[in-house]
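One chain, chain A, links the two complexes that follow: it is found with chain B in the first and with chain C in the second.
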Partner chain A sequence: MLTDANAKGITRVEELAYDLRINRVMSRGLQYLTPDTRMIDALELFRTNRISGAPVLDDGKLLGIVSMEDLIRALCDFEQYAVVGRYMSRHVLTVRESDPVIEAIQLFTKTGVGRLPVVDDNDKVVGMITKGDITRGVLNALQNDIQEEEMRRYRASHLFEDIVSDRTSLILRYTIKARDFTRGGHASANIKRALVRLGATPQIARRCGIAVYEAEINLIIHTLHGGTLRVQIDPKRILMNTVDDGPGIPDIDMAMQPGYSTATEEVRAMGFGAGMGLVNMQRCVDRLKLESMPGQGTRLEMEIQLSPAESFREGKTSEKEDSA
Partner chain B sequence: MKIAEIAVLANGMICNPSMNLEREVNGACGADLMSDVLASVQPEAVLLTGLCNPQVVRTAHMADVRAIVFVRGKQPPPETIKLASKEGIPLIVSPYGLYELCGRLFQAGLASLEGSLPADCYSCEE
Partner chain C sequence: MNLQQVIESLDLKVLTRPRDFRRVVPTSGYASDLLSCVMAGAKNGGLWVTLQAHMNIVAVAALLETSAIIITEGARPEAAVIEKANEQEIILLSTSLPTFAVVGKLWEMGLRD
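Up next, the complex of A and B:
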């Protein structure tokens, strides 16, 4: 059983062993023998199909499996013309096609066999699976993972180009709960990821990430009921703002002073409330506006302007198309 | 310097060994205040800290920190490790204290990636 304690070391490959179904990786085009096939013909079947074992079926029913080792045994006995029914291994283990790949891996490790017949829900043999099939299947799945992420990036990075309008903006909104330290920074992580996918430069993603992270943490630490974090991504600028309904900041000039903090000991013990949040935000953005009314709430507005090299590439509007 | 080399110099244990430990870091930053990290650290650094909560990982992600070393043998909780694995950030636990570890890594040639303040922006005056 998978517990949280050992889940931490799990790699994507191990995860795939649980996610991937056997029928996704097994070899189809089943090559099989019947009980009255001669061993010499089994050898021929192995050679022409470049396999090292095959199930023995009688009218679709699985009787056994013949492997290279069984062939060698027969040859040592000078019995190459004997029927496979005599030399096959009985008591064949099988796996179900709908089982996760990990089932097959565990059987391979436990029993030392090299191949397993795969059966469907009616116990009919539908294919074979070997360790090689699993390796290939996992590599293919990893490859697909990578392609998917690339595809996502590709699609996102062309978003502004693909959508034709006179003015395109992308707006991301997040609701931030007060005191929710465990999820604190979750929204900012998603914002940064979105910017990277959209094709922002690492510097812009970092500046924006730091600014919204400090803002998100402020909503968590200081507000009565949390607030909303909104990011508007335009081709040539990024606007970030937060709104909350209290308690408000009595002295904004004081709040902007490096090192000035009203955070509790509890918050400080978590590494926050050093009085550098607003200073950090200011350093990362081109414009910062903080408005607050004690007893009513606070509104923070930040803007990062994008240089021509940093801008998101826009689609052509009808007007521009005409002139082009 | 590779993250794996830092783990050796720190005499450290790696909490999420499936991470890529061959990545290069350009230097280090030591801090327990997350805003200090965000204020000063340059990209591609290793962060040395005594704080173990998941916010350290969030901070690292925002500041493009490539690895985190927890000092004085502090074990990060499972949620920290889970988040770090998701963001691809290796976590190392070192038995040394913050000052000792900074000294050892600095001596081994790992530069400081803490931006210092220019002389005219701070004072002791009231």
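Up next, the complex of A and C:
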């Protein structure tokens, strides 16, 4: 049965089928036959190498493929001493080593064959691929993926515990360029990912993500020269602030009104400038302070307080000394 | 109702990398072209219907963990947007229908949250 929990994993497997290249999963140490090999010797090759098929090569050129089924046909004809050239399957399909694994999967599904020779860019056979190779390759890649992310999460989630000080903070800084719409949301996506890795709850990561996204977009839309976005993660709170050098907000009370916007028509056409940015920020944070002087710049400060259940676990100097 | 059924009954074009859409089950829907409204109103795991097709829809959808974006009125995102969506695991679907018609059909199919 498929549940929501493992659906994500399966999606990753499908993705891997597109990401993984065939040469990363195929079996190397190519075992092959020549056209004048006898079927009985092919059987011996299969048995000693525990394989169920092999390509037939003549001077490196692919002539065909012999599988267990071809062997059985020869044995039924009492022709075990015939050369493989007589019983091999011709018109062999191949896959390229640089192709994604999905190409092989689709060929397996479409044709029902059990193995495919893998060729390089010069059509030289460099290996074989079977469904088993794919399963093994995907499982290995998945295992590496999981270990990598777990390691990152493990390290990050213990950051505050592992570093002992009287007061530990983690500060993330981003420089945001004015009018750089294509990179809009980059900083907030990185901040959200950092929070998740540190062990923040999904709700905290989402609130913080929305607040910094709106702040980031404001720097892009409204500032003259961009600005800086700074996030300070403390064990019990998250401070977010932006600083820019202009043009400043003439009327802050007006700016805080839902639906009020000074964005240009061009910016609005892209879906920005709904006049909801500051409203959204206010909704997501526990404290918001906006200071601005026209002609000088704007300073925005936001704070999310973390409840005891949401706090990052700390390694406190005093506690360590007590237990020692 | 899963995303495969949505794609088939609305005849949507899949712009991002194909996957098994039967395993994607949207739990809610939201329609708006104003990104801040989407930020405020769309729920996690929902479907977002919009005629915006630029890079920032991917950023918004990634933050909100939107299950898929249906881009209406035949608006075509640039290749870089599709690439970014693949990277962020956001599904982009496209249709020539207007937003109103898409939302109406989704409602008929039972997506009413």
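Keep in mind that, in the parts below, the second predicted complex is superposed on the first by the 182 of 324 C-alpha atoms of A that agree within 3 Å, B and C clash if a C-alpha of one lies under 4 Å from a C-alpha of the other, contacts with A are read in each partner's own complex, and residues count from 1 in each chain.
What we mean here is this: a contact is a pair of C-beta atoms (placed from the backbone, for glycine too) under 8 Å apart; a residue touches a chain by one contact, two chains touch by 3 or more.
Quick caveat: nothing in here was measured; it's all calculated off a predicted structure.
In the superposition on chain A, A:Glu15 makes contact with chain C only, while chain B stays out of contact range. Once the two complexes are laid over each other on the shared chain, residue contacts for A:Phe181 go to chain B and to chain C alike. In the superposed model, A:Ala274 makes contact with both chain B and chain C.
Residue contacts after overlaying the shared chain place A:Tyr260 against neither chain B nor chain C. Common to the chain B and chain C interfaces on chain A are residues 4, 7, 10-11, 181-182, 184-186, 188-189, 192, 202, 206, 209-210, 213-214, 217, 270-272, 274-277, 279-280, 283.
Those residues of chain A that touch chain B in the complex are listed here as 4-5, 7-11, 181-182, 184-186, 188-189, 192, 202, 206, 209-210, 213-214, 217, 270-272, 274-277, 279-280, 283.
By the touch rule above, chain C contacts chain A in their complex via residues 17, 19-20, 23-25, 33-37, 39-40, 44, 50, 52, 54-60, 62-64, 80, 88-89. Remark: chain A residues 2, 4, 7, 10-11, 14-15, 18, 181-182, 184-186, 188-189, 192, 202, 206, 209-210, 213-214, 217, 270-272, 274-277, 279-280, 283 touch chain C in the complex.
The part of chain B that touches chain A in the complex is made up of residues 15-18, 32-36, 38-39, 43, 49, 51, 53-56, 58-59, 61-64, 78-79, 81-82, 85, 87.
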